[in-house]
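Naming follows writing order (A, B, C and D), and every chain is counted from residue 1.
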Amino acid sequence: MVERVFQTMREIVSFITRAIDEIDREQVARMIDLLVDVYRKNGRSKILVMGAGRSGLVGRAFAMRLLHLGYNVYVLGDTIVPRIGERDVVIAISGSGSTKLIVTAAEAAKKVGAKIIAITSYPDSPLGRLADIVVRIPGRTKISRGEEDYFARQILGIHEQLVPLGTLFEDTAMIFLDGVVAELMHRLGKTEEDLRAMHANIEL
Amino acid sequence: MVERVFQTMREIVSFITRAIDEIDREQVARMIDLLVDVYRKNGRSKILVMGAGRSGLVGRAFAMRLLHLGYNVYVLGDTIVPRIGERDVVIAISGSGSTKLIVTAAEAAKKVGAKIIAITSYPDSPLGRLADIVVRIPGRTKISRGEEDYFARQILGIHEQLVPLGTLFEDTAMIFLDGVVAELMHRLGKTEEDLRAMHANIEL
Amino acid sequence: MVERVFQTMREIVSFITRAIDEIDREQVARMIDLLVDVYRKNGRSKILVMGAGRSGLVGRAFAMRLLHLGYNVYVLGDTIVPRIGERDVVIAISGSGSTKLIVTAAEAAKKVGAKIIAITSYPDSPLGRLADIVVRIPGRTKISRGEEDYFARQILGIHEQLVPLGTLFEDTAMIFLDGVVAELMHRLGKTEEDLRAMHANIEL
Amino acid sequence: MVERVFQTMREIVSFITRAIDEIDREQVARMIDLLVDVYRKNGRSKILVMGAGRSGLVGRAFAMRLLHLGYNVYVLGDTIVPRIGERDVVIAISGSGSTKLIVTAAEAAKKVGAKIIAITSYPDSPLGRLADIVVRIPGRTKISRGEEDYFARQILGIHEQLVPLGTLFEDTAMIFLDGVVAELMHRLGKTEEDLRAMHANIEL
């Protein structure tokens, strides 16, 4: 009766498994190095995470872990967002790389000298082109484009009716960023206990 | 250099794959039936999604898709949260099932007669016990408990240092709820195009 | 010792008192008529409130009251923001009328045919010019401009060190919009009891 | 036609004017001293602002100014909320002083040793009783209580139909906290230019 729920979960998991091999190690290494560097300068450098819609939620989930790791981190859309400058890093998440308000915000950040890390399916998008580091995460995005659709539909056999709109990008990005957390824990010498000690004790 | 990122992604994906078999089909069928029923009564019934921290973000991602499916849906923590009553449904997400403020809010909802769907690793938790429908999603949660840890650590071989705190629950819940979306699309006769037509056209 | 707190409160109150006479009755009447009309079409028309920073918070406070009055109302920045169209109304709040992301969002709304109500100190700003109805609320805004400063500083004798940045605009807009609520209660035949009956019963 | 809008504004302004004399200077002085002390320990002490509904929005508006003043400040309900401890200060805003989730959160904060400043109409409420510093701000609150109503209705002649629910408390608290900002600017030696320099340069 509800096997479609689990079939879809398997399709997503299968997509992510294949996506793992598609992600450019070189760009990920640059992203990790930059984040480690920010940590070393803590108190002077901060991170601003931004994304619209479900991509924004994926960004927020990552931002929470950065907080637990000890970063000065902020999220665009929160009440508290400090001024950013040239010592700061922006992490912008957008499947299409074309979400207008995110591109506008990333441009403003670049103008003041912040470093931009883009997480997107389209390195050649407006967001991808202005970023200093681009990690391409496969995924069909809201606005379908030829080749990417081929990747998603033909090779992986994912059907539109199971994973609508940006679902594959968002789920893959979520799990990729949890992978980044593991690497940062290792590089910064943090244990789970350290993260727990930074977790909010008053939570709504 | 950064292989830990991808090793972690594989561990998470492996965990989710095994979790698929653990999820109780009967409870999922009841959840889907209730949500289909709410849709049929649209305009009179609404859904309120709630969760704290990263679980709250997973709930928000699901709530956005419910909006795209045509539901009257709200998120606790948004500015706009209407009064709820006996015709309404609350979806509460908490790995431990013990997050104080979520339990408090779910109790308040139950008191006014709303139906409660709990997504949790612990059916025997305060949240699980008060819910009408409980979907157990495996996952180690913030407060480790014996048996569950065994599931996570021994059987699945997931190491604390790779997936800290509620990560496994949150990622599994995210993908489970995307599976629920696929089933709802089918049951409500919605295509991806229908969802796109409901997607926000002004997005921050 | 702390008399400056109360002196400032008196200055703000004095500013608002004088501002009351400055607000264009004709534009306010058009705003009220449009909002009454939206209410009559409830279920088919909705309201989207938007503003950045503290102006956004003033907008959210107004949006909550619109919810209590029975409107279908949404706030840009909430998780749940539906697609808007030509039957909908946008209320955009910006002291300067130049906040880039609000202007961008209002332009997008205008493009799909929504009616725009602007609450701003500058009718001749980008936001003011694109709006269908503009209610000018006096106030010094972030980017000082000659004449307005004269109004704020010379006539009213408000000192920069007491009410920095957009404070006067924000406080005046907050109380103006509470005035609009009173008028809407009257026009829609709502009592305080009706509003209380719509107030959230589960609140974070 | 719309004179009720302006009559209401005058009623609110008149209420605030009288409220100015009601506020206890001693408690305000203690609040300011504590906030100045937190500033001196910046980097080690932080502020967490909390409130539900419109009171929460008033708190957020104050939190933004604390950010502009150079504080480490956070808002309950934002994505980014760090763990708090005994060196930290909580500012809790609730007209009734009985909002369940705020009382619960304030209790949790007290338990870890944080100092609590309550802004409420009811010093003898659960929130008022647990706070270290209580600033009473007059206002009718959601749940009417005899004497306070007398203050609001008879002495001030404010009519229920003009300022429903917590309106008077919220507006008075907003302007009171803007008065606190002026005093803090003076005590910390900050100019408007200093605040502008801390204002977000990327704003949604």
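Note that in this section a residue touches a chain if its C-beta (ideal position, glycine included) is under 8 Å from a C-beta of that chain, and two chains touch if they have at least 3 such contacts.
Small disclaimer: the values here were computed from a predicted structure and weren't measured.
Asker: Could you label the chain A-chain C interface same or different, taking same to mean over half of its residue numbers are used by both chains?
Answerer: same
Asker: Any chance you could check whether A-B or B-D wins on number of contacting C-beta pairs?
Answerer: A-B
Asker: Round to the nearest whole Å and give the separation of the Cα centres of chain A and chain B.
Answerer: That gives a centre separation of 21 Å.
Asker: Once you find the CA centre of chain B and the CA centre of chain D, what distance in Å lies between them?
Answerer: Computed from C-alpha means, the inter-chain centre distance equals 34 Å.
Asker: Any chance you could list the residues of chain C touching two or more other chains?
Answerer: Counting only residues that touch two or more other chains, chain C contributes 57, 60, 64, 77, 79, 101, 105, 108, 199-200, 203-204.
Asker: In the complex of these two chains, what residues of chain B are touching chain C?
Answerer: Per the touch definition, chain B meets chain C at residues 43, 48, 50, 60, 63-64, 67, 73-84, 101, 105, 108-109, 112, 197-204.
Asker: Which residues of chain D touch chain B once you look at their complex with the stated criterion?
Answerer: Counting only chain D, the residues touching chain B are 57, 77, 79, 100-101, 104-105, 108, 204.
Asker: Going by the contact rule set out above, which residues of chain A touch chain B in the complex?
Answerer: 1-2, 4-10, 12-13, 16-17, 20, 23, 25, 28-29, 32, 52-54, 57-58, 60-61, 64-65, 68, 77, 99, 101, 142, 160-165, 167, 170-171, 174-176, 178-183, 185-186, 191-192, 195-196, 199-200, 203-204
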